[in-house]
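There are two complexes below, and they share chain A, which is joined by chain B in the first and by chain C in the second.
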Partner chain A sequence: MTTLDVAVDRRAVAMTGRGRSPASAAWRRLVASPAARAGLIMVAAFVLVALVTPVVHLYDARTDANLTSRLRPPTAAHPFGTDSLGRDILVRVVHATRVSLGLAISAVAVATVIGSALGFLAGYLRGRVDLVVMFCMDIVLAFPATLLAIAIVAMIGPGLRNSLFAISLVSIPAYARLSRSSVLELREQEFVLAARGLGCSGWRVLAGHIVPNSLPPLIVQTTLSIAFAILEAAALGFLGLGAQPPTPEWGAMLADSYKYFTSGAWWVFCFPGAAIMLSVLGFNLLGDGLRDALDPRLGQG
Partner chain B sequence: MRRYAIRRSLTIVPVLLGVSVLVFSFIHLIPGDPALTMLGERATPEKVAEVRARLGLDRPIWRQYILYIGNALRGDLGVSIVRGDPVASDLLRRFPATVELAVAAIVVAIAFGIPIGVASAVWRNSPLDSLARLGALAGVSMPIFWLGLVLAWFFGVQLRLLPTGFRLASGTAFVPWTNFVVLDAALQRDWSTLADALRHLILPALALATIPLAVIARMTRASMLEVLSREYIRTAEAKGLSRRAVILRHALRNALLPVLTVIGLQVGRLLAGAILTETIFSWPGIGLWVYESIESRDYAIVQGVSLFIAVIVVGVNLVTDVLYAAVDPRIKYE
Partner chain C sequence: MRLLTLTSLLVAALVSAAPAASAQTFVFGAQGEPVQLDPAVITDGISSRLTRQIFDGLVKYRGATTEVEPALAEKWEVSRDGKVWTFQLRRSVKFHDGTPLDAAAIVWNFERWWKASHPQHDNQVKAGQTFEYWEAQFAGFDDKSIVGAVDAVGTHTVRITLKEPQAPFLANLAMFVFDIASPKAVERWGTEFGKHPVGTGAYKFVEWKPNQEVVLEANADYWGQKPRIKRLVIRNLKDNSQRLGALKAGEIHGMEGLNPDDVGVVKNDANLQLLLRPTNTTGYIAFNYKVKEFQDKRVRQAFAHAINKRGIVDALYGGTGLVASQFQPPALWGYNRELKDYEYGPSHAQALLREAGLSQGLSDITWEDGKKEPLVFWYMSRSRPYFPNPKEIAEAMAADLAKVGVKTQLQTTEWAVYLDKRKNGQMPLYMLGWTGDNGDPDNFLCYFFCQPGAAREGFYANKPLADVLLRAQKLTQQSERAKLYRQAEQLLRDDVGRLFVANNQPPLAFAKRVKGYVPHPTGSEYFNTVEMQ
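Moving on, here comes the complex of A and B:
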């Protein structure tokens, strides 16, 4: 057991009054809330679909068209109906889960790593590094995130990789600000001063003591960022800037359905949109639940 | 206070410079030759050279930036590659439509968001509160372009109650003065046009209002709960004031400050959301214009609108901060 574990454990013991690890105490608080439980189940369901789909069902969007059954309403054979090219919408929504969720999660992963690294460095080194990093973040934040993402992809060209780049770029400032403020708060705490007093090097203090203790707010932010990134990815797809046809992606499917909604074909836009909303709602519920669970100081909110 | 306002105003200068550098660099994000990309493969070399010269791409990059910022400061945002019109004048001509939509959306968001938030806080943990909280969370999770489609389909196509596109019925003989159609129709006492304009406004405004409404409701609830736990509320109750007076006069007035800040932060969201909403509802503002320009690779327009919106967002944030300091005497600034 390292000094850090002891420090964290003591805090947890003091807070919960019982000898559990902080992670398991947080987990108990999380699943005790019905809203967080619902979010957890929704997120797990979408992630499961994304992981399992390619194993149980092969899909080639290029050959999946059946012009004899265009725009058919839901039936037993096609529970979500068919789209303008006669493709089964259920199959496309399910396979799009992988594309949309994959894009959102990878964009957030990149943003988390880069953003929190920048924030930790800015907060720890202070001075000029801090000034430059936070100035860059302020500039990115001057733009509405959706607008900046759209403008960047419009310039560098449509596609999944460029969408990933744009979405992670606009998600970075939240992490940089959060991790910077954590460092500024933690660096004056007694356990950090103690570690320094024991002769730990600067990097060891940062990596071994400050970073692990600032994880809870970053975990919450990651969950909420994924929700936001799913929306951004869908918006880019809807504007024709994200996944390119015939790749199934929720936003792009909505863009396709947009041409047919006046004909009353509700199933074409209903299901991809519902998938976006439910997955975003799931991550938001989970994020709110995690915020309450990971910060016992907030009490019963 | 005045010193704070001045110092806060000065902080936007470097931010605006940074914003202009970022928007300027957009054109260099285009892979390959921007002029060739804009004109397409079949453009003649003379035409490409002409566009390169007009964009200043044949000069060193720092000269290009000086040129760009100099023009922008004089209100010149370049020229549309496709139509040849100056971006700035088209922008100003189209902007009123977006403002009209955004104002309608924020009015809806405030009119519903604040009462919902107050009720949610006052009857905390009641079924009403749970419903409002779930509704607000669903609201922030809503892809507004999808909501727009659903609204347009249900009210426009199924019920045939409301129009699903444009600002006025086609063939309306109406000459707007300022391009704020609702305002113009009211000023011209053209009541049938006013009614028509409002009918066209309802669906896009509802779609655009969803996220701000949810955010305002959540913030009002949190802020009200915070204030309601304060000592002075207990004092007011102990004085024997009616519950209504305590909630509206003592609690809500103090709870509204953070809500005001959140409303200020919605301006950027509304303008970005307008790109999606206007696309769904063929609303001829700057959002639809951006969408069309992306399709036709008219990059000067994307650049111009981005810069314009960023400047507005920075300006609104400045005003919100200064107002906050002016309204709340408890806050001291170094």
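Moving on, here comes the complex of A and C:
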């Protein structure tokens, strides 16, 4: 997991943007990088698939088994072939996109909201709150994230909802630390001191000045942790702790199919594996691109 | 991360540079780690494969059958009333620790199994072990047991007196659990004997490397057929694909636990050969009779008509499976050939559900105590001989059920927890199966259905069935017993007590140059007949 520590504030971005709005400047820098562009396209494609599939194609995994056409190699009728129960792999990979991506994005959303709220409070209030919150975060960080997630799910039982809980829990500390460090830096900045001098209340300073200015590193972190969450969800699925059969999910599909390696049915595990790889790659490239785009010091200025 | 694990696994399987074993060493790939090597307290096949080489019983099964032939007992006779058995022991047989095998040693072993106060019984129980099979086969311990007395009548003569005749007595004695251990070694090691086994068998124990392998060496003084292979190594290779990779690479010479789709791979490989165990195993679906919906016979019948057993066996057993119509596999002498199985027919199943008032289908169940919950269909997390790929079979059956309107949620858990849930009757609908231990129909049917209403059988109570089975147990004439077992299967079928899905002939794979391995229906095989060319 990458924790970024990028010091950015609105004025700096605005200056390098030569009069244009900071957001559009960042966008220009983002699409200027070929790697980021590739990442953006991949992410957009996966998101589109996840959104459109349930609308255009109804799928009931519970009734989808056809033992008479199992383990067929890719053909025009089944572009990705069929799996060991005769199910169309393309259909399952596509529907799994919604499950895997949905799980990853919601887990990260939960972690972002809770984690950064904790971080902002800790950084702004300091004192005992800071001590307690960061102590708890350090405890969570002391365990390897994947192992901790596995342990949590093993304890509370397998399933999608429980894996969502586990993945968001292990992602929280990164946000707490990141937002806390932003607050610590921003709270001594002149524009914050000015706002305070003009009589703004503590909450107004936090909500109106500090939070908006610490968003860029959080956005970058969010994008990168979606990649991590996809992997994490796939790991849980692979171990049978995530999506329960027959729900299609990339990790679970991989776990069900790798044993067909020895009998030569490469397509059953290649396509779900490729989906994991491409989506993770996409979010990583996009995350890296965003970091460059949102960090003025790395731009051409 | 998962991809990495997968890749490393495949790399380990295919590229691993473990040295090829010499011709004097035979390496067998097993599906897991033995629990321990004291035959009296184990129940699993991975452990018993090892103890069968180290120990001998009074009698053993002949070749690939469950007929009994002499082992440590050279001959025996039985009294007219079937209660007094006199065994003549083979002379000059020694345990691996040099102590002689005599009548006193046999009596000592029986007393250890049978008497709860025996110090070497008591210490095991305190350490959490149970003499489970003795209890099951001989009706309990001490005074409860069917065994009344075991005496040494001479230095090499043992007399066993039963309180009442027991038809499968000799077949029971041939089971791996009743193999004879060295009293001296058991007394020396106590509860640690399972790590330092000493018997009379064709192989002596050398070393146990935890999570890797157990090493045995040939016993040059063996009383029976002397082993051809000097060193026998049983290696723990958990993953089926990895194990097959090791066999192809020549690191191991034989293995159990093939993925069904790898059966064809082994057949087509010029360097490998496929052996099948005679079928002695049945996989089933069990209902929990505390679930109100399952108390209605029409619902159970609907399930029986809904599941396409033929389709599942043809597709998911790699050609080694058979459709099961009843609990006993076809090779058993109590098998009912006249029995008519429920035919696959989704529309018929739907009609039955409608009759039972479930025209909307079934997705939530009601327990007897009024609790409502979604219908969870449990499958085991590991491959078993009767369900080689339980998850896929469960998904296929759940799809069949969903097509007639029965929507289940598939769920699994760790094997030990699964068995616990089954023992306590907590699963509404679950998959399980059985591999026969001694070739007697009693070992299939009575173990499950002689105690009506038992929690471990999903509270299934069928009194007439239990009566028939208990009657059959007391008879000694096989033809009369067979009649009763056929009747029992009919009763079970008419009541849809269980859904019997498939029998399997579990496949084993060997290098072509391995000869003389005889697959046995009980799954425990001897290696002293094996040689490598």
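Just so it is clear, the second predicted complex is superposed on the first by the 284 of 301 C-alpha atoms of A that agree within 3 Å, B and C clash if a C-alpha of one lies under 4 Å from a C-alpha of the other, contacts with A are read in each partner's own complex, and residues count from 1 in each chain.
Throughout what follows, contacts are C-beta pairs under 8 Å (C-beta built on N, C-alpha and C of every residue); 3 or more make two chains touch, one makes a residue touch a chain.
Quick caveat: nothing in here was measured; it's all calculated off a predicted structure.
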- [ ] Look at where chain B and chain C land on chain A after superposing the complexes, then choose clash or fit.
- [x] clash
Open item on the list: For A:91 in the superposed arrangement: first (chain B), second (chain C), both or neither?
Closed with: neither
TODO: Mind working out whether A:148 is in touch with chain B, chain C, both or neither, as first, second, both or neither?
DONE: first
- [ ] Using the superposition on chain A described above, determine whether A:261 touches chain B (first), chain C (second), both, or neither.
- [x] both
Open item on the list: Per the contact definition in the header, classify A:156: touching chain B only (first), chain C only (second), both, or neither.
Closed with: first
TODO: Applying the touch criterion given at the start, work out whether A:286 contacts chain B, chain C, both or neither, answering first, second, both or neither.
DONE: neither
- [ ] May I ask you to decide whether A:277 touches chain B, chain C, both, or neither, giving the answer as first, second, both or neither?
- [x] both
Open item on the list: Taking the superposition on A as described, I'd like to know which of chain B and chain C A:64 touches: first, second, both or neither.
Closed with: second
Open item on the list: Under the stated touch criterion, which partner chain does A:135 make contact with: chain B (first), chain C (second), both, or neither?
Closed with: first
Open item on the list: Touch test for A:101: chain B only (first), chain C only (second), both, or neither?
Closed with: neither
- [ ] Jot down the residues of chain A that show up as touching in both complexes, chain B in one and chain C in the other.
- [x] 146, 231, 234-235, 238, 240, 251, 254, 258, 261-262, 264, 269, 273, 276-277
- [ ] Please give the residue numbers of chain A that touch chain B in the complex, ascending.
- [x] 35, 135-136, 138-140, 142-148, 150-152, 154-157, 227, 231, 234-235, 238-241, 251, 254, 257-258, 261-262, 264, 266, 269-270, 272-273, 276-277, 280-281, 284-285, 288
TODO: Show which residues of chain C lie in contact with chain A when the two form their complex.
DONE: 1-3, 5-6, 9-10, 240-241, 244-245, 259, 261-262, 264-265, 308, 311-312, 314-316, 381, 389, 391-392, 394-396, 398-400, 402-403, 407-412
Open item on the list: Residue numbers of chain B touching chain A in their complex, please.
Closed with: 14-16, 18-19, 21-22, 26-27, 29-31, 134, 137-138, 140-143, 145-146, 149-150, 152-153, 156-158, 164, 268-269, 271-273, 275-276, 279-280, 290-291, 294-295, 299, 302-303, 306, 309-310, 313-314
Task: chain C contact footprint on chain A (complex, rising order) - done: 60, 62-65, 67-68, 70-71, 84-86, 146, 158, 231, 234-235, 238, 240, 244-246, 251, 254-256, 258-265, 269, 273, 276-277
